[in-house]
Amino acid sequence: MPDQVGLGAREAIADLFYAYADNLDRGDIAGLGRLFTDQVHVDYGPHMEPLTSKADLVEALQRGQDELFSATSHHLSNVRVRLEDDGIGAQATAYVYAWHRYRSGAPDGELWGRYDVGVRLIDGDWCVMRLRLSCAGTRKLHSDHMHPIR
Amino acid sequence: MPDQVGLGAREAIADLFYAYADNLDRGDIAGLGRLFTDQVHVDYGPHMEPLTSKADLVEALQRGQDELFSATSHHLSNVRVRLEDDGIGAQATAYVYAWHRYRSGAPDGELWGRYDVGVRLIDGDWCVMRLRLSCAGTRKLHSDHMHPIR
Amino acid sequence: MPDQVGLGAREAIADLFYAYADNLDRGDIAGLGRLFTDQVHVDYGPHMEPLTSKADLVEALQRGQDELFSATSHHLSNVRVRLEDDGIGAQATAYVYAWHRYRSGAPDGELWGRYDVGVRLIDGDWCVMRLRLSCAGTRKLHSDHMHPIR
């Protein structure tokens, strides 16, 4: 599924969220990495240090796939985009309802939260520079210590 | 997140649903009130009388926040908009998957339903005049007496 | 809710997914049938043979309504559309979080998956020719033998 071709800026940025989920849930972590800039600030919560490079992000997510999750499903909705005046930056937010199945056989984990991202247009493609996950709540998730919604 | 700036009518009306969820889930009930006209018809189900003014709506939702819910998350999808010929009215519907955590410590409540709304363009902003919640089903919700989908 | 009027191709195809869910969840299986071409290829998983005509699809879904489900709710998100060069074909995908209540009184069944569809513009309306359901996972669903995400 080629991204962003023929889409306006808002639609392309919404599609960036969907490409993130699609790559993550199919286990294509290298594909997911291509959605990000080389230097990033990705904060999945207080249970882990923010990730600051694409290489670190890919390594952390690949480890999650290899060690923790046998399947995940990230359902993204409520997408809102605010374009910046410079035409090459935007802030966006999406709700996420995420379901996780564990390799350990632990009960499925669920998360009700949101992603806040900062994105930038680079060589014609919108890329994620900054991502923060915050949560309204979780059920049986491997981490119950998440950033609150603010 | 400023609403509706640079959006077409359909996108602005979808964003109105998302602004509703965002304000509700962050507990900004005054902000939620600003999305509605002064006179409203809001029907959350047969367990409570329809609300007929913005002031009553804000009071009822604020009481829910203060007394009932410690957190909520309203995931809106399947947004469909039908613009009216006059250019200043529309009917719209969105699916809602809503998760609720209770102050009482009761198990989390879930709801699978939809919002049907009537909206109107007033001074350049789309506002909600009418809202009806109906449900396919619920699980451990504080009310199990909801309007059916029709 | 009239479909597709005033929408661009991408929006009309997204709306086709929403019309599918709306008709299915309201039990209007004849209405759902009208979204499909006469000849179809609909594959809901290895637990049943692919359906190859609109008549067979309608019959199978009507039987599900009559015998199995007392209510369902299909929450569609992450919609991505790839238009084909001929202007009358497209491939699209949507995530689905589906909730099912059973006539038998069995516990509610949930499914986290996606629909992949092939659609075609026929006499001004986008119609579904091909649909495949695949799943990241299920909980207490009547079938736990589904196509995996690929």
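As written, the chain order gives the labels A, B and C, with residue 1 at the start of each chain.
Following the convention adopted for this analysis, a residue touches a chain if its C-beta (ideal position, glycine included) is under 8 Å from a C-beta of that chain, and two chains touch if they have at least 3 such contacts.
Treat the numbers as computed from the prediction; the structure is a model and nothing was measured.
Novice: What angle of turn lays chain B on top of chain C when you fit their CA atoms, given in steps of 5 degrees?
Specialist: Superposing the C-alpha atoms of chain B on chain C needs a rotation of 120 degrees.
Novice: Pick same or different for copies chain A and chain B, depending on whether their interface residues overlap by over half.
Specialist: Counting shared over all numbers used gives less than one half: different.
Novice: With chain centres defined as C-alpha means, what is the inter-centre distance between chain A and chain B in Å?
Specialist: 26
Novice: Could you say which residues in chain C touch two or more other chains, in rising order?
Specialist: Chain C, residues with two or more chain partners: 75, 77, 97.
Novice: Where on chain A is chain B touching in the complex?
Specialist: 10, 75, 77-80, 82-83, 91, 93, 95, 97, 112-113, 136-137, 139, 149-150
Novice: Once bound in the complex, which stretches of chain B touch chain A?
Specialist: Spelled out, the residues of chain B in touch with chain A are 1-2, 6-7, 11, 15, 17-19, 21-22, 25-26, 71-77, 97, 99, 101, 108.
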